[in-house]
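Next come two complexes, and both contain subunit A; in the first it sits with subunit B, in the second with subunit C.
For the complex of A and B:
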């Protein structure tokens, strides 16, 4: 049994690596993009707000799986072709930026208008007000919701199997079919649990870090 | 003269809030604007601090035009001048609007350092002086949520003083305070005036205005109804609207 698990390790770890890559790249790009979406949603430029509303509606209103399929299998029909990896990443980033954008917008809107007045009378430009006053307070407010999304993202990465990328779930499924064994699937489950446990701890620490004020 | 307001008009959604408001504030003078809520007091303060733009009128702060009426509309100062004017103005909000994520010291030095480029050491030294004057030295690394209402107010005053303003505005300074703290804020306001600032305070607290102000403006329905020195104001109240408002304090 132990021997079998050790033999599975290389393919599992390679799958885990792909999972972690998609997870990390999606986060690193979609969080700043989400902040821009949130700022854009508050803009006075009506067409921009309308475009962003449609974008958020589509991204939240259709399955992520459909979005991945659409970009990888659908767009080539009209001549836009991506490799599997970038296709999956584009879908994940666009999808998660929409969710993050809405979370950030909620966070920004919950900050007292008096904070803007105070910053204005002290001479802050709108950009400085956002960076020094609004953003730090927003982060504290949105952390629990962001933690939720990030944990969902770890599990959502399994969806990239549809374009044939060798991530964790796919590695487990191949081994399970080949060896007619349940063990690889259990291993996959355990690895996801370890990842989400780690993330839970990381977000707990972050929330503690922001607990210094009320 | 550190503040001059001439012919100020402002309406919100067609409803006039300020109509032809004019007054001046001298160096070291304490002026109280009184009146019931909705009389337009806070709008004056927000216009003077450029939180709302007036429709018509001229506002001058220490010789610089915040906005100037050209006979048809009011034209506002350019961005670069606006920052210079901001530096001459301090505003203490009714609910203080301290930055909750910053310590007392950070609240005070934030604008000097990050907006006006004061060296950190100088800004902190100045902040410590202010905290000493306001008897808050021991709260320097506290956060706003750890402070009482009176302490928060003094931090807000220190923050507004950090840029060495010529005009200090206070919006309802007694509204968030326990009655026994009112004498304390009165003394603080007098200290600011002694430092040479013109103090413009807005209140519906008649006894407080009587205690601290040198001159009193009474407003009703967006207009100045009475303007007198404090003693004259309380000695001969002729106007019926003022009489109604003042009631027991006369």
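For the complex of A and C:
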């Protein structure tokens, strides 16, 4: 049994690598993009707000799997062709930026309007107000919701199988088919759990760091 | 409804319509794809072969992560004879024809059964392996003939030719428990469900069923004598890719004639 697990490890780890890559890149790009979406939703430019509303509606209103299929198989029809990897990444980033955008918007809106007035009186520019006053408080408020999304993202990465990318779950399924055994799938489950445990600890530390008023 | 909200909704609607019409007008690109791509493939020096890398023993990954299997050996031999390298691309089996027609892969070659429905979507090479759609049950059931499947739960792989084979007998399918087969993403899942006794039978390619049964212990299963028909594996091409199809057909002919084909068969299917 132990032998078998050790023999499975290399293919699992290579699957895990793809999973982690998709996870990390999606996170790194979609969080800043989400902040921009949230700021854009507060904008006074009405068409921009309308566009963002449609964007969020589409991204939250259709399955992520469908979005990946659409970007990889659908866009080439109108002459936009991406490789498998970028197509999957774009779908993930657009989808997650929409969710993060809504979380950040909730965070921004929960901050008392009086703080904007106070900042103005003190001579802060709007940009500086956002960066120095709103953003730090917002991060504190949204951390638990972000942690939720991030953990969902770990598991959502499994969807890239649809464009033929081999990630962790796929590696498990391949081994499971080859050896007619459930062990590889159990291993996959354990690896996901380890990832989630690590993330949970990271977010706990972050929450502690931002809990400066308690 | 406030005026602002109304205006926003109108703007949004216009945007959606705009995107839809963009998609709608774009079909004129497709004509470019109707050409035979053989010259282009020769220039790039390789063809891309679409494989479901979970499909043992036809094409699957060994423990080192390398794709191996009967189809892979066959393809490598063909590659030498037609002077084009073969690049293997793993695909999701339910998307195979879409992958082919959008040009992401050039051939579907992975235990791909020749069926009438598929013939409408792709062009097939000559058949290169015979196969049956067999009915597998656990060894200790009272299912001994096809008619015994009435009132039972029957599983198969989604989008596989097993499903199509069953549909040729609609009355029998309607008599299944649930009125239709239970569909799984992979055959392996169908067999696991059989072992868990949630389904009573699995319909699958004989080649694949035998592989699975061998892995799990042949004494625990039985394959019924009756089946859902014989069929053959072929290689799927885009309909316009006549030259590539002919080149590969010729290579297969030569391999059958000089014994290379039999060697590869021996390697994978020796009893």
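Note that the second predicted complex is superposed on the first by the 213 of 214 C-alpha atoms of A that agree within 3 Å, B and C clash if a C-alpha of one lies under 4 Å from a C-alpha of the other, contacts with A are read in each partner's own complex, and residues count from 1 in each chain.
The rule is simple: contacts are C-beta pairs under 8 Å (C-beta built on N, C-alpha and C of every residue); 3 or more make two chains touch, one makes a residue touch a chain.
The shown structure was predicted, so the numbers you read here are calculated from the model rather than taken from an experiment.
Asker: Quick check on the superposed pair: does A:3 touch subunit B, subunit C, both, or neither? Answer first, second, both or neither.
Answerer: neither
Asker: So in the superposed three-chain picture, is A:53 touching just subunit B, just subunit C, both, or none of them (first/second/both/neither)?
Answerer: In the superposed model, A:53 contacts subunit C only, not subunit B.
Asker: Quick check on the superposed pair: does A:112 touch subunit B, subunit C, both, or neither? Answer first, second, both or neither.
Answerer: first
Asker: Of the partners subunit B and subunit C, which touch A:208 in the superposed model: first, second, both, neither?
Answerer: Touch partners of A:208: none, neither subunit B nor subunit C.
Asker: Which of the residues in subunit C end up touching subunit A in this complex?
Answerer: 4, 7-8, 11-12, 15-16, 22-23, 26-27, 29-30, 50, 53-56, 60-65, 89-92, 95, 98-99, 102-104, 186-188, 191-192, 212, 215-216
Asker: In the complex of these two chains, what residues of subunit B are touching subunit A?
Answerer: For subunit B paired with subunit A, touching residues are 49-51, 83, 86-87, 89-91, 93, 95, 97-101, 110-111, 114-116, 143-145, 159-160, 163.
Asker: Inside the complex, what are the residues of subunit A that reach subunit C?
Answerer: The touching residues are 7-8, 10-11, 14, 46-47, 49-51, 53-54, 69, 73-74, 76-79, 84, 161-166, 170, 173-182.
Asker: Contact residues on subunit A for subunit B in the complex?
Answerer: Against subunit B, subunit A makes touches at 112, 114-115, 117-118, 120-124, 128, 132-133, 136-137, 140, 212-214.
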